[in-house]
Amino acid sequence: MIKSGIIAIAYETVQLGSGELPLLTPMSEVAGRMAVQEGAKYLEKVYGGSGILLGGVPGVLPAEVLIIGGGVVGTNAARMAAGLAAHVTLLDLSLDRLRYLSDVLPPNVDLLYSNRHNLLEQLRKADLVIGAVLLPGAKAPKLVRREDLKLMKPGSVIVDVAVDQGGCIETSKPTTHESPVYVVDGIIHYAVANMPGGVPRTSTLALTNATFPYAKRLARSGWKQACRDDPALFQGLNVIEGSVVYPAVAESFGLSLVNARQLV
Amino acid sequence: MIKSGIIAIAYETVQLGSGELPLLTPMSEVAGRMAVQEGAKYLEKVYGGSGILLGGVPGVLPAEVLIIGGGVVGTNAARMAAGLAAHVTLLDLSLDRLRYLSDVLPPNVDLLYSNRHNLLEQLRKADLVIGAVLLPGAKAPKLVRREDLKLMKPGSVIVDVAVDQGGCIETSKPTTHESPVYVVDGIIHYAVANMPGGVPRTSTLALTNATFPYAKRLARSGWKQACRDDPALFQGLNVIEGSVVYPAVAESFGLSLVNARQLV
Amino acid sequence: MIKSGIIAIAYETVQLGSGELPLLTPMSEVAGRMAVQEGAKYLEKVYGGSGILLGGVPGVLPAEVLIIGGGVVGTNAARMAAGLAAHVTLLDLSLDRLRYLSDVLPPNVDLLYSNRHNLLEQLRKADLVIGAVLLPGAKAPKLVRREDLKLMKPGSVIVDVAVDQGGCIETSKPTTHESPVYVVDGIIHYAVANMPGGVPRTSTLALTNATFPYAKRLARSGWKQACRDDPALFQGLNVIEGSVVYPAVAESFGLSLVNARQLV
Amino acid sequence: MIKSGIIAIAYETVQLGSGELPLLTPMSEVAGRMAVQEGAKYLEKVYGGSGILLGGVPGVLPAEVLIIGGGVVGTNAARMAAGLAAHVTLLDLSLDRLRYLSDVLPPNVDLLYSNRHNLLEQLRKADLVIGAVLLPGAKAPKLVRREDLKLMKPGSVIVDVAVDQGGCIETSKPTTHESPVYVVDGIIHYAVANMPGGVPRTSTLALTNATFPYAKRLARSGWKQACRDDPALFQGLNVIEGSVVYPAVAESFGLSLVNARQLV
Amino acid sequence: MIKSGIIAIAYETVQLGSGELPLLTPMSEVAGRMAVQEGAKYLEKVYGGSGILLGGVPGVLPAEVLIIGGGVVGTNAARMAAGLAAHVTLLDLSLDRLRYLSDVLPPNVDLLYSNRHNLLEQLRKADLVIGAVLLPGAKAPKLVRREDLKLMKPGSVIVDVAVDQGGCIETSKPTTHESPVYVVDGIIHYAVANMPGGVPRTSTLALTNATFPYAKRLARSGWKQACRDDPALFQGLNVIEGSVVYPAVAESFGLSLVNARQLV
Amino acid sequence: MIKSGIIAIAYETVQLGSGELPLLTPMSEVAGRMAVQEGAKYLEKVYGGSGILLGGVPGVLPAEVLIIGGGVVGTNAARMAAGLAAHVTLLDLSLDRLRYLSDVLPPNVDLLYSNRHNLLEQLRKADLVIGAVLLPGAKAPKLVRREDLKLMKPGSVIVDVAVDQGGCIETSKPTTHESPVYVVDGIIHYAVANMPGGVPRTSTLALTNATFPYAKRLARSGWKQACRDDPALFQGLNVIEGSVVYPAVAESFGLSLVNARQLV
């Protein structure tokens, strides 16, 4: 890339003042929604699951779905799990976020303050756990530890959506769509690193919607003016005509770093 | 069974005056609900599906789900697909049934009178088709013909819940949980004959709930009195102390038929 | 009454062919709805309750409400408890009823088949139990036994709406609006025999709505013709010009019984 | 006005820092809600419409309503159209807005990213199009061009709520409540410039609610202090004791402009 | 018709055992839903209405809609009016019907027992009254009398859907789509006799759905056998090869009546 | 406290930049939800109430609940009252707040702009009034005056949640859980100063959720650094090692005030 002399702007480093990564948000939406259909699937007996149907049927209780994190991923997951008639508990640290979610989520989602006590109590009951804790620009914290798996019912399923940021479940490691699951201590782990890649038609459209305004701005104003006008785009600059300008990239590859301000 | 001298009552022949098979209804509920999660799964690219997410995301349209039949299977499927935020169209022949469903289903389910014109028009748009036409005590009609598959978009999915009654899709043939899908003319077919077997924990509880009152009646009154008191149970009698009393069974195996009335 | 020579028709013996007591149904609706507000109230600490708020708040789990019976009382109670954002489990023996309720109740009501195993499991979790099992024309069965109270959490509340038919909780005995509760084994019992009497304005209107068509029929056709035309009204006859015609009344008071058919 | 020596503050120039015109917002709410009832009406055959009922009936598909713009007008229109059981698609450029709308609108509203490709695809299907794109302080962009009308089904209806800002439909021109519609290329156009004037009782109350706090502030502090304290009110100043202080007004009438800061 | 020798079966006399006229039911659905959009329209000032918007806006109360009758027409009207965010009160004589409606209608519909006291009280508040009382095979009762109009607010609107059966409003007389309204005592009356004719595309599809099974039966079995097999169809016979067989028709035209049984 | 030398931070003075008191918000949530169950209870005849059931029953209109204020208390109260099927009217001064509430509250809540005219009109109809106007850091305004009570129906109930800030009802004075109500001019007043104390289990959990992050911050950084880092916590400081640093406290007790900035 350095040799090619191009201007390289990375999807995952375009960043708003709020810390949001606007080009990744649609992927979180897709992954959150997919997480529930993956979980439902791997609860089937043929995959070693406990053989429980998320929504039950009239006369039989629904499954318990535990969602750790109420951001974009968790909220989308909660809505889908509730839509399949499961009983959902969503954990989050922000009371303000829980209050908003209580305004807009259906009543079969319980909203619980996240702490270790509540987490362990919920793990005991959960049939499906969705790890949805992602910190922008940081490794996800390991909220569920290996020893916690012993509390869970055998044949339960964990979907760790945070796996491409290291995972929020200690025992999760990245898998692929071709071989998506493995078992640790009787618990099925689904941890596909690129979940949205499973539904490329939806994901591409979602991504294009988010990217298009930036592309239009670059095309209209030229890259330099566009990056001056839009701090989020400026944040996205990685390489400018042979100079590495993104600190983490320079550091990772042992290259010298140039201050982007000098080139834009 | 004949040699053993037992009294054999078959689940699938216990029948109410209305024609309903009360011990199979819970299995239809489970299968209808599962149909949607199977369909969602096999729409993924890795299985050859069109790579579309049922509910889309904000900014991207949801998938189109077509459900053929508004009985127990179809209604349960519609509710789950709507819960996953898909756009659902349900076809049925009974206006009274459609009117009731319009009272109780969410507004992203469109209720359409079933005829060949409407069916073909919907097949063109559908990403997921759920065959849910079951006639009690008869083979399901082949509503979707082989040539109709050409109207559908490649990578779409058909789940034929009626497959264990012959299927309501001409190209469906029974598969297993181990090898659940195959492709005809670019369309993925899921046609597991015993779908509820995939979630045995839920299915067993559901089945037991339905069976229990009959078991209690048999235990309290003895089989003879119980079958006299309850016409549904009487209908369920297949073999009585060596005599075959259910016409279809006698015919299938070339055995002589005894009139159950003479023995009860 | 005998001396007065009047024609006496009793509210509680007017009965439809289906067994329904149409003049009592509105009272069941009122009692079912009131049961939840009573339960919510007596869970407060000042009355000895466990001090839990039915709906919790965002970040704190809601209370568990267990409703035994899915008839008029239980359904009305379930709707109110769900409306207060509690987590509700409703037990009933009829799968057909549970299926209908799953169509029309909100998703924070779980519908569970009623058997002793399920009942005991739910009692362990329940903060509020509403006894809503009434058999038309018979004493309510004692579904919750004295020893079962030990499974419950101290400070929990039982509201036995069936108490005026003997109660479906072994430890319940009729109380009054003036002194509505008492404690057994640490569990608060609310068992006011005439619950609708607490909200007479609503109850009177509800009762009048149900009574009016019968009154009109009597006024228009005269009592004799009206009772001939309407079997429900005929069932309601207790005393006709000095003769007792309702078997249970004659038996209770040791009076001779006259066949109503001879007098109408 | 200049001669009168009054202090003139214009409703439509009182403006918040966010760009919102708080005294016009209620009118947008009214217009958005009315747009759907106008559209429903002019779809009737007697007005030349295609004769389709917005919500269909059980067995017949609902109409397709396309709403261009997800601001105040569009959101209110979407809610009403969904309430009439139509199938609604709403286009907007802001993904954040679409995400919020997906939290609060009913599921028969599909939320689609706005671009020309999506717009044309939706125009082909639409029975009713509601133009709801208004840019504060600027002419509405002409999103639907004359040639696009050819894609639409004859007898379809366009309601252009933006018409008093020039309209977001190329073929729309202001009409009146007395003569509200005209036809271009087989498409019925409703483009009443002052829609809220049709329901003056509701509109006056809505407007008064929004105006009252400003009136109170003026009455309490006097106009000068009130305009110093509240930048929105300051923005609203047009004429001060004979001097024109609002640039656009001065320019339109060729009058000299005085800087309001000098007079307040 | 008599001369032509045809077999004439009339839509409006095909009748189920329950009294329902299955070929008219779809028309009632259409008319009930249309009634609300007509009412909303004629409340506009330009038509002499009170200028109130059905749903109000945040900060302004919604209009009051009174629906007399909870059958097919009234229920469909209630759903649409509630969908437009009005406050709806629906009157009906059947408590069982009101109970079902309370299960399936949204909470901004109040369900009130119908009697003259309640009717008058509601008329005082109503902005829009929808007359939806139709008795199968009989003239609609005149529930709203001329003197009652004085209780209503000037500029309010009455839509009498029952007008083609004589109307349930004393002052209503049939109008046409071309000239749909007139004013009595300050109240706007909309009383188009053939409301579904306004949306022929939807109505034709709805009607065809209902008619098709009968047409198929006639085509398959021949008219004679079909009328023998299906009592509803038999009821529909009016003229058989020159003989009038429907009593009301014979009576109206002074023709001799032949017993259909002799000819089928 | 001064003598003890401790660092005292008061719950009720920890304050965000927005003016919100984050440690009191959970108490407002609890009180708002409780207010409805208290009101429902004291409407019972045995307490002198009008004997009306909040939700009515099918055939009988629901009660009218008036909620003054759409903040945390009022919104929670509205949701509960709507959940009990009452007809709710909520008054607030902020149109923006009413718009958001119209997005998320159920349709049996009417949202009305707050002014004296609307208030008096609603008081005439109300069966239950919930006073929910709290101004952070100021006495609540007396919106309902003593003479207004005469407009209300005898036996109606007022719950003044604002009573511990002086109350927003002129006739309210603090009561206790042991003796919670009194009557003025025929209107029952419930004005328990510490409502959340009635459900300590829920309240303690809610409070702990809100307090925990502050406690963690204090424990991790020490009080001084924590108060430097977090302006909300700094605001909470009342006494530092013998010096009073909170103006209102110093003033109330006639103590000298030290500027906290000098000690932190």
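Of note:
Which chain is which? They are A, B, C, D, E and F, in the order written, and residues in each are numbered from 1.
In the analysis below, a contact is a pair of C-beta atoms (placed from the backbone, for glycine too) under 8 Å apart; a residue touches a chain by one contact, two chains touch by 3 or more.
Please read these numbers as outputs of a predicted model, since none were measured by experiment.
By the document's definition of touch, common neighbours of chain A and chain C comprise B, F. Least step count on the touch graph, chain B to chain F: 2.
With chains reduced to the mean position of their C-alpha atoms, the one farthest from chain C is D.
Interface comparison, D-E versus B-C: the pair with the greater number of contacting C-beta pairs is D-E. Distance between chain D and chain F, defined via averaged C-alpha coordinates, is recorded as 38 Å. Distance from the chain B centre to the chain D centre is 49 Å, each centre being the mean of its Cα atoms.
Touching two or more other chains at once are residues 26, 56, 58-60, 82, 85, 95, 104, 113, 205, 209 of chain D. Interface note: chains touch in the pairs A-B, A-C, A-D, A-F, B-C, B-D, B-E, C-E, C-F, D-E, D-F, E-F.
Chain contact summary for the complex, chain B toward chain C: residues 22, 25-26, 29, 104, 205, 209-210, 212-213.
By the touch criterion given at the top, residues 56, 58-62, 82, 85, 87, 89, 95, 98-99, 101-102, 106-108, 110-113 of chain B touch chain D in their complex.
Across the complex, chain E is touched by residues 26, 29-30, 33-34, 36-38, 40-41, 43-46, 50-60, 76, 79-80, 82-85, 177-178, 197-203, 205-206, 209 of chain D. Put simply, chain B touches chain E in their complex at residues 93, 95, 103-104, 113, 115.
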